[in-house]
Structure formats: structure tokens, C-alpha cells
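To keep things clear, I will list the structure first and then write my remarks on it.
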């Protein structure tokens, strides 16, 4: 067994002087509360406050970062405890955990390793490294802790010093869990975000059924374009009452369009019909981004665009195991021509905030920094998904800052359903931002006092301000 | 008030040994004269030698880097002293300066900050940092200095140790200012460059009017293809007599074509007609790049291609305030297939020099370095515009050098209309090149003596040679 | 004359602590045997074991890295000893060598310089640097050594500690040299690889003639689709008997397709006819990648895909001097949609190994790492060609590791015909991998013992395993 040690200087540059600057900056932001303005935790956890079950179902099975890496090396998802659609899991949770432990070396050099080691050491107090020989020790220790009251969701939320966290729901969600949290008297701030892809994307599974439910929930006829817009306004207002400060849009591309009312009505009629062409589907999504921007100007919700993921690239895996198993692959994503229609209409609105994300790092210096460095309505979201990693964060700051500055960025998003890793993720971001600032100071490109102010802005203030939290 | 200090080691790597090497290299090139082979200073300054007016109109209003960043954070251009088309400025210059000063923190981590701090400290001798509290001190001090004889354009030119500077004019310019400079007896070398976009791009504002003026100035009938080519030859010869050693071409793409004479004549007839299709416009621009290369072989002018900017991306801003306000956005730009027609015709001409620029850094290692590392006619221009920055320069050397070497690059271009920042821009380039060379020496990839030779080549010799200055 | 020194710490980071870690890691892998699983050495060298002729014909004329850089600076290929098609060389080898020596400064900062300095110092024991003044000393010394028995191919192979090397042959090769090596009793492991481009790419020179020869060699009728597939199976089996463990596919793009048998037969009839459309040629190449994957599942050969090179970009040069003179230029290359048909069919086969290469570094973090980090059948090849360089390797690890991990990569390929440089190339890779690992250790992202294990995996074990050697 080997000791599990989280070195206090981890992720800081090796150069002694730069490291010393980074260490000082980090010390000043390490304990700031966590603002988590975008993510995928389950509000039911905080509504029911039931204990988590076991290590495998909490830490392994829902984590698509882990599943994809293990799968890529020939390990069957079944053996990791992932259920086939419509079937019970055939794997023993302990056996799945052992398999994971025996392959933990696969994560060397990846952010999963950083996050998990933090969870093991800091959240669970484990003192030896995960490997085949410690698999059972881990499994038993973690399971035992999870039964303690101080490992229930609300206790962890408080221990993690979370000031506010946003979950993500579709307009078809009743937000019953959020209501339950509010009714419970617990003061943890868990809010929702409006993610209307299921009723905006004509290619979404069950689109027409979704519109029927959208009509029911909103009391508007979502099968006419005017009623459809009214339904959005209705549900946005409901979400805002339940704390939402933002919307989110997960389209395949960043394409926008700005149709006349007549054209929009005609298009709506086509995409709600039996057969929808891919071009019409794309045009409708594009047009609705502009409509959503207009509604954001009206109701103040911050708009997030997360484009460029080729979802479910592996058809057999999708059919067998379903979504979110690590088979979503980034695509080349353009923003300049794509966003032009929306920006021509609303780009100069200083009261509107659109936060752009990308899975295509080539857009950082070429497109996103110049766009956000000009349009008042635009801000740049933090490095996303595959790029939410030390090197990804370094590239983000190096490629964005000189054109967009720091103040057109919006702090960190953890964007995760892996609740226990949230502090670790924010910690990595704080360390990497401090490391970047330290280099600027060491190279005499920034004064110490400026770096200290920026460290707090990047760790806390910018997220709070951009997301109106 | 906080002290304004330009640290002598700024931009050098933090590692002590590497920094020491960088410092020695930099010391050997710091005082070399400035070769500024491509830029946008106003020849009228040097022709009239009139004093500059005030801080706001000299340093803020014409600088699109500053305007776009301030605008991106919701500051109105009107309040910065930018005039709406056809209207006088409504802003008080001092109020505009104060607004800029109060927002100077937005430029942290950007090259504008580096350039301006140099201008404040070195050109104007200011000793405190720009912020809200020092805005008036700055405004008054700068304005007072600008009335002194040693702050007139020619005095600054000499103080800046500029050996040669090129401005950029269209063929429709009479070059009266350049003539006046020559006639004045002043020995500063201010030359022009031939930028024919207004008479080559059928989509340029007033294209047909431009051709009429082109005919007048050249004495050739620019409405027939043969006369049009003769007009180019005539104006190129005139520009060369006025010192030009280069042409410049700012096309949306790097597309080239090599049409037969008959096809070229037919295309010319179409693009000079009433309605020009986008495809014809693109084809004509593409063909004319090849024609320009042919004329460069004849007259020896070095050819520069600056493709890939989506001009005036913000239609409201363009209509209200006009061009060059920070709303030009880079686009993805390909070179391999695009340049093939021109290169098939003239790429093997060792007597021809075509300098390629890009706003798309993805082309560095994939396209530009391999192309320039093969074709005798090609050289690679320095990092341009958004990439004229410390990190941009670092990426340029790291991604270009291993395939193109140093000797297919051409030193530095400041490419600016911000005259006072020219020494600062060259200084940043010299520091960053020395930092890169120092790393190669510290990692034992280059000998000291080679690095010293290269430092001088990158700072001075290569620009002089490539641009025939 | 200046001393030629290979510094023992070359390519290691300057930071003292990181360098010390790198040095220790490197010491542990420096002397591991060389696995060279993909390259272009000439099997005739090892079959005949004849001495190499002279410095110019061994080191300069066949090296397209050198030719292109010298040519890019206006040096005629004729003067470097390159023969025009159908003509004898007009250059004196000594004069060509002198020209090369006088221009050796052009390679500063390039990997060619690193490789050649190793060849000069370590292989030939030269102690002064190559420059105009030492050209004759070099030429004479090298030529003299080449006549010694210990500089014959097999002696060098043994001195270089090569455990296995793969050459690359087309199905039209009889593998007579490989047979001769086997028959000779020499124990050096020189194996072939199956590169069927000449019989798969309908746009390959002499495609139909190639099919005729393919029929002859395989005893199958390669002009019917079923016979054509049988011919592949026959030749693949023959190659495997001659030691091949892999195939290689050098297509212009990574496009794949998965046609029905009827469609495939119809397409085959079209592409073996008189006039082949570019679209049909592309579709046939695309389909055959999927067929090759199927055959790899049957016979166990590892599949390599090397897409994205625009071959013979310079038509005059190609007509005059032929292929492989440095005029191949990388193109933008997509993998996500392109590989989808093949992966939908065979991507979940853990028994299949497809190794992907790219000349487009933008695909590293966006496409290749996510794909290989999910599909069991995929692995990522090392940085290729223009990117087989220190900075290229650094970018590869920095952009791949966090998503793909280390274990979806396959160690190093030298991919060269420059036999003498093979140890230098592996040495550069080992040094750069150790430098990368050392940074992870210094930043406390990896433990020492893990780094040591990884260093050996990257230098030796992964190549051996991935290529089944």
C-alpha cells in the first residue's frame, strides 16, 4: 500500500519564485465559498437528503469520464455496474469497484485522477492510494462513511461551503424537488436553470410528445407558434420564481437565425409535423436561439450556449446502455458566421448576457476572444468538459486573455453530476488560475496587487456577477 | 497613487538561468534601429510635422484595441469621444479620458496594457499608474508634452530610432504627403506600400467610382481589362518611385486563381458591371492575386497577403460609427488548396517574395510552416493583430520554427496607426524572441553564438532583407 | 571550427528540480532496445548488407526534410544531387555536401538539426560542428567510415540496439529482400507492413496495372470484387508469414464508409473502369478502410491510418523530380464524422487495433483524444512527420493525455527512411516524454514511481504491445 498524499503545492509551476507567488495567491482564495452556476447535480438529493448508497453507484456508475476511459481499454460496461436499457444491473458493486481499482492507473495524467484523489483523501479521509490491493478497503470505508449523517447531501453541501448551486431542468420538469427544498426550511441555495432543448430541438426524442406536455404544464397551446412562445414565457417565469437566473442551450452547432414572424410560423408548422428535414430542424434551433435572447432581454435570465457535441457517436452503445456513457465526441464548431444573425439583432444590448462555451479550442483565440472582446452581450464560459483540466485551463487563459481580457470571462463552472468532486473541481480551477496569474507576475506583466484582485474575481466574483447570483 | 514601473526583465521567463540568457540576448538587440516595413501611420504627420492635439484624440479614439475592449464591457463609444458618422463628437476629451482611466483594469493581461504603459512611462515620463485617481494628471501632463517641439512627429520618429517606416496607401492616393516629406529635406525614411483592395475587390465600397479615379490617376482606361492591368503597372511604378518596396492585399480569404486571358477578360466585364455575384467577386480577387504576383516578378515589389478578417461584423456599429472600431473578427482561413493555383504558376520563383499572414493560428504548424518550408517564393509574416502579443508570439515561434526554421520568417511588423506605441511593440517582439531563443539555449537545442546571431536577425536583419529596405 | 557537443541534458526543462527528475527518468529508459514498428527503411540494406556509398547519397539526397528547407531558401535541388526524372545526377556529391554545409544554419531550431548532430557526433564520432569550413572534413570522414565493416547496415542495426524494425511494402512487392534476410541466418528482426494504397486508391498511378499485378501475385482475379477481396486476404496472409503485424493506409482523408455488398460490387465495377470520378474514388477508399478493419479482425493485423497529406502540392517539382522531395503539405483533417461508419461497425471490437495518425494538431484534443478515449478499437499514433519534433511532442502529450490518458497511445514511431537517425529520433522522443513526465511529477500531478513505470511504457512497452511485437 502506498500513501495517498495531496501535495499542498500541486498544480503550481515548478519554478520556485513563481510557485511562491502562486501559493500566496491561492491562499487568498482557497477558502472562498463555491459558486456553482451551472451543473447537473440531482435536486432530489437535497430534497430528500437520503444517504448515498455505496461507492460504486455514487462514484463510478454515473461518471462518464470514468466509464469511457475504462471502456476504451476493453472493459465491458456491464462489469462496471452499468445497466443495459430495461435490464437490472448484473454486476456486483464490489466486483465493479475492484475492477475500477485495478485499472486506476489508466487515469494517470487525467483530471479524473485529480478529482478522485481529492474525494478519497479529503471527503473520505483515505490515506492509501487506490489500487487492486486497496479496493476492498476503499469500498468498505466509503460505504461506511456514506451511512453517517455528516455524509448526507445537505451536510456535504454545507461542508463544501457551497454558496449557491444551479441544477439543470427541462421545461417539462415540475421542479417538485426544488419546491420541496424550499418547503423544507433548509437554507442551502439550490436553484434550477431552464434548458429547453427537448421542446426546441425537433430532433429530440419525443419532440411532439414533449410539446404536448409543454402545453399541459404551461396552459398554452404549444402547437401554434404564438402559443409555443407563450408557453416558453410561462415556464421561464416559473423557473425564475424557483430561483433560476439562467437558461442553457445544448445545440449541435452555434448556428443562429432571425426569421420574420411569418417565416417563423411557417417553419414551426413544418417542424411540428410528421416529417422534419434536418435543415428545418437546424433552422428552427437557430431561430429559437435568437428568440431566447429576446426573452432573456425581457426577463433577465442569463443565456448559456453549449454547442458542438456529437451526441451518442456509438450507436450500439447508445442502443444498449443509453445516453451519457462517454460516447459524445466534440466537433469543429464555428461562431463567427453562425452567431452573426443573433448578434446583429441583440449583440449591442449591454443588459443581455450570453455565455458561450466550446469544445473546439481552436475557436478560443480565433473567434471567441475577438467576439467577446467586442460585443457587450457576450461573455466566455470556462473551459468545458474535455477541457475542464489543468492543461485545458492553461490553454484557455493563454489563448483568451490577451484579446478578451479577464473581465469577459465568467469564473468557473463545474458542470458536473459528480457531487462529491465539486470542491476538487473548483480547487483545480483556483490553483490553475493562480498559477497563470503567478506567471504574469513573475514575468512582470502584472502587479502583485492586481493579481490578488484577479484571483478573487476569477474564483468568486465573476461567476456571481455574470450569473446574477 | 501607485508607482508605474517597467521592470527591466519584463516578459522574460522566470527561471533564473533562462532569464539570464534572455537578458544577455536582449541587451545585444535592444538598441538596434527600428525597421517598420508594414503599418498604418499617417504620412500627413511627417509631412506637416504639426503637434498632436491631446491624449484622447492621439491615444484613445483611434485605437480599435482599446475601443473594442471598453465597448465589450458596456461602455458607449460616444462617451469615449468616437464620433457618429456625419456628427461632431459629443464627448468632452477629458471626460472620455477619465472613463478610460477608470476602466484601465480591463486591459490587465493584454498587450494594450504593455504598449500603453511603455508610452506613459517612456514616451511621457509618467511615474504613477493610470487609474481613476490619476486621470487628470495624465491628461494634463500628456497634453502639455504634446505641445513641446520634441513631441512633434519628426522628433519622435528620430527619438524612436526608426530607420525606415512604411505607410499603406491605395492606388487612388496621390501620395502628396509622401511627396511633401521628400520635398521638405527631412531625412526620415517614410515610404508607402501599394494596397489595391479598393480597385481589386468588386465588393469594396464604391468599386466603380474607384475604377474611374484609377483611370484618371493612371491615364489608362481601367474599365477594360487590359487598361486595368496597365493602370496597375502605372501606379505600382509610381508607388515604387515614392519608395514603396511592397504591396499588400487584404482579402477575405487566401483564395487564388489563375485564369486564361479570355476568362479573365470575361470575368472583368462581369465584375465591373451593375450586379456582381459573390462568386465572381471572390474569383476576381483570387485571380488578381496571381496577377499581382506576376507584376511583383516584373517590378520587384514584395507581396503581402493579409487574409481572413470578417470586416464589420456588427452592422449597427458599422452604420453608426464606421470602420475600424474593433468589430472585425477573424475567420477560419485555409492556405493549402487556396494558394495552389498561384503557387503552381509562380511558387518556384526564388526572385519573388510573398509574405503570408494569418489570423487563424491553426494554420501555423499545419499549413504555413510546411508551405513556407518548401516554396522559394513564400515567407511567413509575424503574428498579426490579435496575435501580436506575448503569448501569440510564443505560439508563433513554437509552432513555426521546427518546420519553417527562422529564416523563412521576416522579423517583426508593428502594423499600427498608434505611432507612439511603435517602439513598445518592437520591444515586446524583441523580448519575446529573446525569451524563445533563451529557452532553446537553456535546453541545449541551440548554441549561445547562434542565438546571438538569430536575435539580431529576428530584430533587424530579416525585416530589412525580406522587405528590401 | 567550433566543437560539436551533444549536451547530456538536452531537451530537458531548464528548471533545476524538473530537470533533475527528467534526468533520472531518462537514465532508466535511455538504453532500452528500440522498437521501430513503422518506417521506411529499405530492406535491401539488410538483405545485401552492402556498405553505404557516401555522405551525400546516404544523408542528404533521400532526406525530404533537408531538401525542402534548402529549396525553400532558393537552393536548386539539382545542386544538392537530386536527379531529374530520367536523367543522371549532374551534381558532384562533394559540391552538394559543401552547399548543404554552408547552409546548415537554416536548420537551427528544427528537429533535423537535432537528428543530424546526433548522427555526426554519435554515429560518426565527429567533434566539430558542420559549417562551410568543415564540409570537406565531414565528407571525407563519413565516407571513410562508411567503408568500414562496422558501418554496414547489419552492424549499425546491432549497434543501434534495434529489437525489431518494420519496413513498409505494397501488396505488389514480392518481399524478396525480406525472404533473403530470413534465409541469411542473420537474426536481426526486420519485418514488413502491408500498405495497399496502390491497389486501393483508384487515383494511384497505374491503378489498373497494379490490379493486374495484384492478380498475378495472389492468383486471384482482382478485377472482380470478390476476387479482389480474396487477393487482399491472400497477400495479407503472405505478409503476415513474412513477419508483418500491421497494415498501413495513407489516404487523403480519414473518410470511411460501410457499403452493402451489392453497392460495393457496383462501386468496384465503376472504379476499375476507364473513367473514375473523384467522388467514387473517395468512396471506394472509404469503404475499403472498413473492409480492411474487417480483415484485421480476421487475421489480427494492426491497422494504421495516416490521412491528411496533400501529396505533390508543387506540380513542376513533381514532374521534374518526382515524389517525396518535401512538397507534401498537411490538410485540415476531420475524424468524427469521417470514422463514424467504420466505428459503428467495428469500433466496439476490443480485439481490433486501429492506430490513428494526424498532420492536423487541432484534432488532438477535439477529436482524437475523445475518440480513442472511448472506442476500444482505437489507439492514437505518436506525433507524425512535421510534428515529430520536440515542440510537437510536447503539444501531443499536453493535448492528448488529459482525455486519452497514456494508455491509449502507442509509444514512438520513427517513420523514417533515414536509417542512421533512428536512434536519435527515439532519443528525442524518450527525452521529451521524460520531460513531460518530470513536469507532472514536479507539479505533484503524478508520483515518482508512476512516472518511472510510464517512462518505460512510453519508450518500449506500449509500442511492443500495440503492434504485437
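A, B and C are the chain letters, set down in written order, and residue numbers restart from 1 in every chain.
The rule is short, and it goes like this: a contact is a pair of C-beta atoms (placed from the backbone, for glycine too) under 8 Å apart; a residue touches a chain by one contact, two chains touch by 3 or more.
The model shown is predicted, which means the values in this text are computed figures rather than measured ones.
S.K.: What angle, rounded to the nearest 5°, describes the rotation that places the Cα atoms of subunit A on subunit C?
M.R.: 120
S.K.: How would you label the subunit B and subunit C contact, same or different, if same means the shared numbers make up over half of all numbers there?
M.R.: Different: when the shared numbers are divided by all numbers used, the fraction is under half.
S.K.: Starting from the mean Cα coordinates of subunit B and subunit C, work out the distance between those two points in Å.
M.R.: Taking the mean C-alpha position of each chain, the two centres sit 40 Å apart.
S.K.: Scan subunit C for residues touching two or more other chains and write them down.
M.R.: If we look for residues of subunit C contacting two or more partner chains, we find 13, 15, 362.
S.K.: Enumerate the contact residues on subunit B facing subunit C in the complex.
M.R.: On the subunit B side, the touching residues are 13, 15, 17-18, 334, 336-337, 340, 343-344, 347-348, 350, 362, 365-367, 369-376, 378, 398-399, 401-408, 439-440, 442-447, 449-450, 453-454.
S.K.: Would you mind writing out the residues of subunit C in touch with subunit B in their complex?
M.R.: Per the stated touch rule, the residues are 2, 7, 9-15, 68-69, 71-74, 105-111, 114, 310, 313-317, 326-332, 359-362, 386-387, 389-392.
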